[in-house]
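Structures given as structure tokens follow.
In what follows, chain A forms one complex with chain B and a second complex with chain C.
Our next item is the complex of A and B:
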């Protein structure tokens, strides 16, 4: 049963991340995802200080706000102070992360958090944290419920905002011309990324979030030219990685999050080498002259 | 104050180690960071920082010891592989650089975590402390670390000085460097190696996540104060060194405080201050410049309007009412009044009981704006063959920009004309 809960958690995280990641990598914002996943730390600490518990809702709010603030700061430094885009990302997230660690040290007695849990989480503890109703009925791990809720939100967001998200990613000028607010959709997307990051950090950690945000979409990007199939393939790749990663971790007795990230890397390598249209091993054949 | 004196007397060996270590680390990585920043690849430092973990773990698994040099060697190898992988992915597929960086960063780190946990679970007692590589330990630097830092810092600085010209060319004009026969590939590898060196050593002091800041932030801050590369390098090193000392001082006065995050916090504050207030490039000075331009344009427009009115009957000496000006051009009344008041102060406009009129100085300046406007209209119609009803807008903007030299040149080109395309006299 534990294996089931862990794989389910991994798959839920993989679904959210892979879907949002497709938009991020097409907008050339993969590193913004990385930045957000680190910069939510002070938000989590502050939410923890206010509520004194690891309750999900305040943390989701705290970190969600920080995530949006991160995006805003990156934009602000880049647009108004004309800081080079990549430097603006690097400065912002390291600054916020440093503040987070300092807050943890200041309130060391009160905050039951440490940075390694933020960085690589512990998905193996998911089944231990059961949600038990007053009647004594066990409804399964609380994390799964939180993640399930976030996954549904993300899927709804992408289904209903499909056209807008698609247009603002591929042709922002056209989107603006037909009256779609690029800024509003940009910030909604970033809020969604922050939400996902926070909902999953406790179980899988920031690094797995980044791996799942970037690797499955990048794999899918090498396999297809259609955006809808890219979304589907990347979700599929994410879920396969969760399942395979779990068994890899059990086999060599290591971190599950680390193993899932490793598998996403293997998937990408396979696509990179053998993709029928873009793999570097098969592409070469196409380039050979046709014999008449 | 007492703390301050005690700290800066450097009597305590521990303080000396921590401070010197932080300074060496911060300033040498800042110098290397300048080059990666200018190549628009600031974030590769982040990837390398994460990618050293599997190297450390593999080195431990293979050697079975925690000999720092073997671990560092492992870290160096995977850090280096990660950068080469990023280059390979971006050059051989349609994956963009940011995606490649994110991918390599997370996958390498994931492998590292997998190996690290596998080592920890294997029950090998020698493994404790391997995770120091993850989170840094600036406050517990010892003499040996310091020697390593010093060697690397000197190595980085010397290499930078020797290859200063080549690296500069690589940053600013890679194509040109290739054309004149520089080994661009080799230089790229050199810069890669320098970056990996800085990261591998620095990571032990500030940890995986914050290492990126040691490379990027001082360089980004220095970029705002100067356009000269050598000044930027020196400035970045100084900013790094200052935050190193400051961070060590904070963690000395409050022992619970981690040194690394404080160094990063201080250097970030310096950077954000630079983004906002640096002269010329900062956000605030840009705002000021915009405002100054705006008032300059408003004043010139007012003078121009008064001059145009003056060209008509009763002439330049007749005082004009505000509404006469505003009829010709829609300027918000408040702005127009404020502008006129400033012009009175500067002596371009005189206030009489019946209204405003140009002083002789104001008349000359108004005349010049009108002349530039009409000259430019003429230039556009004669040389670019634009229709005469299309040239007004363009002249409206350029009239505030043309310099006296350009004005002279235009006059000569057009043969000191008398009439503009709308048959108005060019004064």
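Our next item is the complex of A and C:
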């Protein structure tokens, strides 16, 4: 049963991250995902200090706000201080993450969080944290419920905002000209990334969220030319990584989160080598347009 | 020489745009007539693209205002279309030609609605108009420059707007595409649409447009092509680049503005 819960947790995290990651890499913003996944830390700690519990809802809200603040600061420094986009990302998230670390160390006595847990997560403990009703009925791990809820939110978001998310990623100027708010969709996407990150941090940790945000979408990008297929392949790659990663970790008796991320790297390498369209080994001859 | 028109489709009043506190456009005051093919012409860095982007309110504007169809722009967004510069998007994006053309329907559909059959038919029809129907399923990364431009044009056509802003649609396309595009623009004008085109080639400008806006950070001239494309106004626009100008001047004299082909 433990294996089931761990694999389910991994798959839910992978599903959210792989879907949102597709938009991030196509907007050339993969590193913004990285930034958000780290910068939500002070939000988590502050939410914890206010409520005194590891309840999911305040943490989701706290982290969500911090995530939006992060993207706002990145934009702000880039646009008004005229710092390069990557420098702006680097300054913003390391600074916010550092504040989070200081908060944890200062309030260490009151905060049931530690840096290792935030950075690396511990998916193996997921089955221990059960949600038990007052009647004594066990409903399974609380994390799975939180993640399940976030996954449903993300899928709804992408289903209903499909055409706007697609257009604003491809051609924001055209979107703005015909009256679709690029700012609103940008911040909605970033809020979704923040929610995903904070829902996932307990299980896979802040660093490995980045692997799942970037590697499965990058793998899918190499394997298809259609956007809908890219979303599906990306999710599939993420779920396969969760399953294979779990058994890899059991086999070598190592970190589960580390093994999952390793599998995403292997998937990417395979796609890079063997993709029918872009792989370096099996690449088809490019079709040349006929000159008239 | 800046001619104003009665009942303009576009009215720009005292428009100033700056990047980084450096002004790019200064006090632009102009009106454009309905149903015209308008060329926005000027040297590199004159602010041509900036002007049409400011007209669509895609940039923060320092001062002044723009009215389209005598209304604030946000009230008439669904009557506006835009053909951005080809290089402004990533053509390796995982999308097919049809996907891109279908984007033309997104503005009218509104939130949460998916394109219906009528929208798909309109997209296919637009592809036919630019002669790209055979490429509907083609991945956009496999297109040539001219084909990319046609796809962008088809997307705008699918929108069936009343006013079109086009940023350098003739840049880097082959002669067949250029001819096809100008034919299309003329058909659109006959249907009463207004088309505003950023253009950099003076020689073809005399032939293509019936209204010309000469721009070099300030508005130099705006009016019917025959009255605007004169040696004197071009010199004002382009400064002292005489060799080019003399050549153009000669060309203009030789052509004596032949009446436009019907």
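Throughout what follows, the second predicted complex is superposed on the first by the 283 of 292 C-alpha atoms of A that agree within 3 Å, B and C clash if a C-alpha of one lies under 4 Å from a C-alpha of the other, contacts with A are read in each partner's own complex, and residues count from 1 in each chain.
Methods note: a residue touches a chain if its C-beta (ideal position, glycine included) is under 8 Å from a C-beta of that chain, and two chains touch if they have at least 3 such contacts.
Here the structure is a predicted model, which is why all the values come from computation and not from measurement.
Undergrad: So, on chain A, is it clash or fit between chain B and chain C?
TA: After superposition on chain A, chain B vs chain C: clash.
Undergrad: Which partner does A:82 contact after superposing on A: first (chain B), second (chain C), both, neither?
TA: Once the two structures are laid over each other on A, A:82 reaches both partners.
Undergrad: Check whether A:221 is in contact with chain B, with chain C, with both or with neither, and answer first, second, both or neither.
TA: It touches chain B and chain C both.
Undergrad: Looking only at contacts as defined up top, I'd like to know whether chain B or chain C touches more of chain A.
TA: Of chain B and chain C, more residues of chain A lie in contact with B.
Undergrad: By the touch definition at the top of the document, which applies to A:252: first (chain B), second (chain C), both, or neither?
TA: The answer is first: A:252 touches chain B but not chain C.
Undergrad: Which partner does A:177 contact after superposing on A: first (chain B), second (chain C), both, neither?
TA: In the superposed model, A:177 contacts chain C only, not chain B.
Undergrad: Check the residue A:167 against both partner chains and state whether it touches chain B (first), chain C (second), both, or neither.
TA: Touch status of A:167: second partner only.
Undergrad: In the superposed model, only one of 110-118, 218-226 or 254-262 in chain C has C-alpha atoms clashing with chain B. Which one?
TA: 218-226
Undergrad: Can you pull the chain A residues that chain B and chain C both touch?
TA: 28, 82, 221.
Undergrad: Could you list, by residue number, the parts of chain A that touch chain B in their complex?
TA: Contact set of chain A toward chain B: 25, 28-31, 33-34, 38, 77, 80-84, 86-91, 94-95, 97-99, 101-102, 105-106, 108, 115-116, 119-120, 207-208, 210-211, 213-215, 217-218, 221-222, 248-249, 252-255, 257-262, 264-265, 268, 272, 278, 280.
Undergrad: Hey, which residues of chain C end up touching chain A in the complex?
TA: Residues 20, 53, 56, 58, 74, 77-78, 80-82, 84, 88-90, 93-96, 99-100, 103, 106-107, 109, 111-112, 114-115, 139, 141-144, 147, 155, 159, 165, 176.
Undergrad: Name, in rising order, each residue of chain B that touches chain A in their complex.
TA: So the residues of chain B touching chain A come out as 37, 40-43, 45-46, 50, 89, 92-96, 98-103, 105-118, 121-122, 131, 134-135, 207-210, 212-213, 215-217, 219-220, 223-224, 256-258, 260-262, 264-265, 268, 271-272, 275-276, 281-283, 286.
Undergrad: Across the complex, what residues on chain A touch chain C?
TA: 26, 28, 82, 160-164, 166-167, 169-171, 173-180, 221, 224-227, 229-230, 286-287, 289, 292
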